[in-house]
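Here subunit A shows up in two complexes: once beside subunit B, once beside subunit C.
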Partner chain A sequence: MEFIESVTITPFVMIAQDFPVFFGEVVFNGVLTGVLYSLVALGFVLIFKASGVFNFAQGAMVLFAALTLVGLMELGLPVWLAFILTMGAMVALAYAVELLVLRHLVNQPDIILFMSTIGLTFFLEGFGETLWGSNVKKLDIGIPDTPVEITGMLFNSFDLIAALACALLVTGLAFFFQYTPTGRALRAVADDHQAALAVGIPLKKIWIIVWSVAGIVALVAGIVWGAKSGVQFSLSLIALKALPVLILGGFTSVPGAIVGGLIIGVGEKIAEVYWGPAVGGAIENWFAYVLALAFLFVRPQGLFGERIIERV
Partner chain B sequence: MTENGSALLNVNNIEVIYDRVILVLKGVSFHVPEGGIVALLGANGAGKTTTLKAISNLLRAERGDVTKGTIEYRNERIEKLSAHDLVTRGVVQVMEGRHCFEHLTVEENLLTGAYIRGDKKNFSDDLDLVYRYFPRLKERRRAQAGYTSGGEQQMTAIARALMTRPKMMLLDEPSMGLAPQLVEEIFGIVSRLNEEEGVTILLAEQNTNMALRYARYGYILENGRVVLDGEASTLRENEDVKEFYLGLSSSGRKSYRDVKSYRRRKRWLA
Partner chain C sequence: MLYRETGQFKTTYAADQAIFPIFQDRVFIFALIAFAYLAIPALASEYMLQAVLIPMMIFSIAAVGLNILTGYAGQLSLGTGAFMAMGAYSAYKLTTGFPELNIIVVFILSGVATALVGIVFGLPSLRIKGFYLAVATLAAQFFLVWMFNRVPWWYNYHSSGTITAPPREFAGIMMTGPTATVETRYLIVLSFCIVAGLLAKNLVRSRIGRHWMAIRDMDIAAEIIGIRLLPNKLLAFAISSFYCGVAGALLLFSYLGSAETEAFDIFVSFDVLFMIIIGGLGSILGAYLGAAFIWLLPIFLTNAPQLVGLSMPVDFQKHLEVMIFGSLIIVFLIFEPAGLARLWQIGKEKLRRWPFPY
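Take a look at the complex of A and B:
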């Protein structure tokens, strides 16, 4: 009885008490983590839409991008130059993936493409650490990290800037997909490879574009995440957090990745702070997965996932 | 068909092998003259689709390979080009089973056909032209293609191919799964495209009756070989074609059950 009360009543009482300042901070913290989840999930969605490949290596790409950036900065390059060079490296990676992997696996079953990205994961992790070393590195890109007070709530200026940058990137991508001819071609390829080939859309070019974009998205995620928790091997594991986001938002939806990320980010923070005491804490670690599981029962295509169109 | 020089497309004795082991085409040759409508006829598995895909180079994506023979378009060998190269040269295939981009609107589907012609231009002229031939698509332009009817999807597929500004269209089974009335409508549009826009048509069909009414010349494929060819009017009168493909014989309609398979073989091999 006591437990039921601590789950059903106490948290809401606490929320009411904390409203609005502390609760607002909790929510905003959730939003920031959520934006990061969204970014990683977005990388998945882009590649999944355009090549039908579930890219297991997205997390490794985040790690690889962050390692490269830090490594270049340690060589004494200024931040902006290191950033541009890393972007170049991610585009080069996209070319290499197309040339060495995808080109040879056209029209193979999905599972084979998926397996090849697992291989890519191991390669990227190993290659990145061989190149730049495996110790934990500090990433400081010069964005101020000072407390800012907005309407009584305390925020971190780095968090604000990061969230803003991510939001801009996400909006830009959504626009690109919906309104440009290349974006249209990308969506066409996502729908039907064969038909896209038949009307002359060059698949190779399209793949290089999406993998490059996914690489750049990974770079941004790597910067934000790396600056918060250091650049280290565990960065590649945030890919696992992106999975529930994808299930929630839908594998094929850019807005879904964004909203899904926000829901999970905010949800797990609130759950941790207010429901945590009742079950002894650590809700943050499993909240996303349980939510995703519940979603699979109710709406398997996700919130915004494309309906599987079946004409009768 | 002896004046090979004037042919737009020459297929010479090609052999196609899938997965390095399965021999599908065993030496197919034919010619398509500029501005013509040529039909490839035959039953399921005869090799019609494979032939079209060999020409449009969609074969390689299915692990198929042209291992012998040559394919020439405007006297240029094209077997080694990519599908994209061929579309830019003006050869486009409309695949069997429509293959619309389901989650795009009808108009977006059409615009993907213009992708190869550059990003910058505004394609409203092309859209107008296409909508003149397919007025029904204009009404449905904002609809998601996956939710349009079978006939509309087939029209979308043809219209999308038209947006690439083709010289030659390879149509694979446009009648599949459509009501006779729609089939008439679509064949009518195709032959208008041929006459008014000068698009050369190579048509693969099971619906022999329809195909021979619109095509000028026909080739009949069986088991990966051309077994018979001739002017459409001649083929329509041919006793074997009547019997095996049009379901008619000298004694009127006849059931396939009564046809002895050895007899068909003997007559054609003779």
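Take a look at the complex of A and C:
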């Protein structure tokens, strides 16, 4: 009885008490985390749309990008140069993946491609740490980290700038997809590989482009997460946080990744703060999955995913 | 030359349906089982048994289970680690709650408990498919592991949160716990391993197995020809979880001795998935070959530098190992996507014609 009360009544009473200031802070913190989840999920969606590959290595790419950036900065390079070089490294990685892995696995079942990206995950983690070492590194890119007060709520200036940067990146990508010729080609490939080939879109080039873009998205995500909590192995685990976002939003939808990320981010924070104490805390790990699962029962293709039509 | 089936006539339906229809195969498999039961415990070193053979066979049981679900019924699952945890924790609860209960019965009951949990987490498979389902099974992985960490009842309110296999004997021989000899534990695991394989092989050749394969190939078409999806999919989840549960219980009682939830994290799920993919999806033999490959490869990689007289810093070697492991997986997938079971089959075909290919 006590437990039922602590789950069904107490949290709402607490929310009412905390309204609006503390509750607002919780929600906003959720939004910030959500934007970061969206970024990682976006990398997944880009690759899945263009090549049908469920790229598990996205998390490892985040780690690899952040490690490379920090490593280059430790060599004494300025931030902007290190950033550009890391971007170059991610593009090179995209070429290598296409040349060495994807090209040889065309027409294999989805699960084989999925497995190969798990292999890639192991490789990237090992490679990054062999190159740059495995101790926790601090990433300081010179964004001020001071508390800011807006209408009574306390925020962190770093979080605000990060959220803004992510929002800009996401909008930029949306424009890129909608209005440039390359973006149009990408959408064509996503719709139908064979039809895209028939009208003369070079599939291999498209794959390199999406893997590069996903690499750059991973770099941005790596910078933001790395600056918050240090660059270390656990960075590659945020891929696991992005998966519920993915099923919530739909594997094939860019807006879905964004909205899904926000829902998961906010839901997770609220659940942890208000419902966490009743069930023993640390529910962040699985809450997102259960939330996404609940959504799936209603819409099996996710919020914005393409309707699954099955024929015999 | 030796491997010819010429002159072996089948005169009964039973002979036609045998698992090993070729005489030489039967000889080989019985010799292998006899060798495993009689020679290995006498000859192999303790390290060989404890660190190589026991865990390899335990994981092969889990791999058979996952292969039933993923390879035969086509339901991709990433929750293997959690189901193994369920088996380990329920075996622990059962044997500490009822100390008189026969330990073999405890293993089987913990498999049953895991099967029930598997059914619950298999329910989403009726509405969602493919990668969506894979991510949904991750919910099982994270939720169950969280539960075993946070609900003290599961580890008997022990202050460290660890579960330890208590000593239990059967027919006067110590089966588990610190005093059980490594040979005893090896023989228990070996027996489970063989029985599990035999049951699974017969299951997938039966009506149920054919239903599963129809569902795997296309579930709508299967439904149209009159296969009911609900009971068949849930049965696949239940049986697969049963295998994983028994494997988890064995992992705790016969291999680790004491464990925390870290022993059953998501990487265990990935490892088992690797095993069935490298071994060959939809092949019972493949599950065993894959388990051997994935378990032995890291051990080989760890020991290889010493063998050739190379020495390097420990953490560098660790990273190199992970790197090589990852690239070998990719290389393997590129060259033989159908897995080790296919290679085995090709080898057998070659052997039949050797040394006179015609």
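In this text, the second predicted complex is superposed on the first by the 308 of 312 C-alpha atoms of A that agree within 3 Å, B and C clash if a C-alpha of one lies under 4 Å from a C-alpha of the other, contacts with A are read in each partner's own complex, and residues count from 1 in each chain.
Quick note on the criterion: a contact is a pair of C-beta atoms (placed from the backbone, for glycine too) under 8 Å apart; a residue touches a chain by one contact, two chains touch by 3 or more.
Worth saying up front: this structure is predicted, and the values here are computed from it rather than measured.
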item: Clash or fit (per the criteria above) of subunit B with subunit C on subunit A; value: fit
item: Contacts of A:290 with subunit B and subunit C, given as first, second, both or neither; value: second
item: Touching partner for A:264 - first (subunit B), second (subunit C), both, neither; value: neither
item: More subunit A residues in contact [subunit B versus subunit C]; value: C
item: Which of subunit B and subunit C A:73 touches, first, second, both or neither; value: neither
item: Once both complexes are placed on the shared chain, angle at subunit A toward subunit B and subunit C, C-alpha, multiple of 10 degrees; value: 80
item: Touched partner set for A:240, first subunit B, second subunit C, both or neither; value: second
item: Touched partner set for A:300, first subunit B, second subunit C, both or neither; value: second
item: Which superposed partner A:192 touches (first subunit B, second subunit C, both, neither); value: first
item: Subunit C versus subunit B - closest C-alpha approach in the superposed model, Å; value: 14
item: Subunit B/subunit C common contact set on subunit A; value: 311
item: Subunit B residues within the subunit A interface of the complex; value: 56, 58, 60-63, 82-84, 86-88, 92-95, 99-104, 108-109, 111-116, 119, 144, 146-147, 150, 157, 160-161, 163-164
item: Subunit A residues within the subunit C interface of the complex; value: 54, 100-101, 104-105, 108-112, 114-116, 118-127, 129-130, 134, 240, 243-244, 246-247, 251, 279-283, 285-286, 289-290, 292-293, 296-297, 300-302, 308, 310-312
item: Contact footprint of subunit B on subunit A as seen in their complex; value: 106-107, 180-182, 184-185, 187-188, 190-202, 306, 309, 311
item: Subunit C residues within the subunit A interface of the complex; value: 70, 76, 124, 127-132, 135-136, 138-139, 142-143, 146, 149-151, 218, 220-221, 224, 266, 270, 273-274, 277, 281, 315-316, 319-330, 333-334, 337
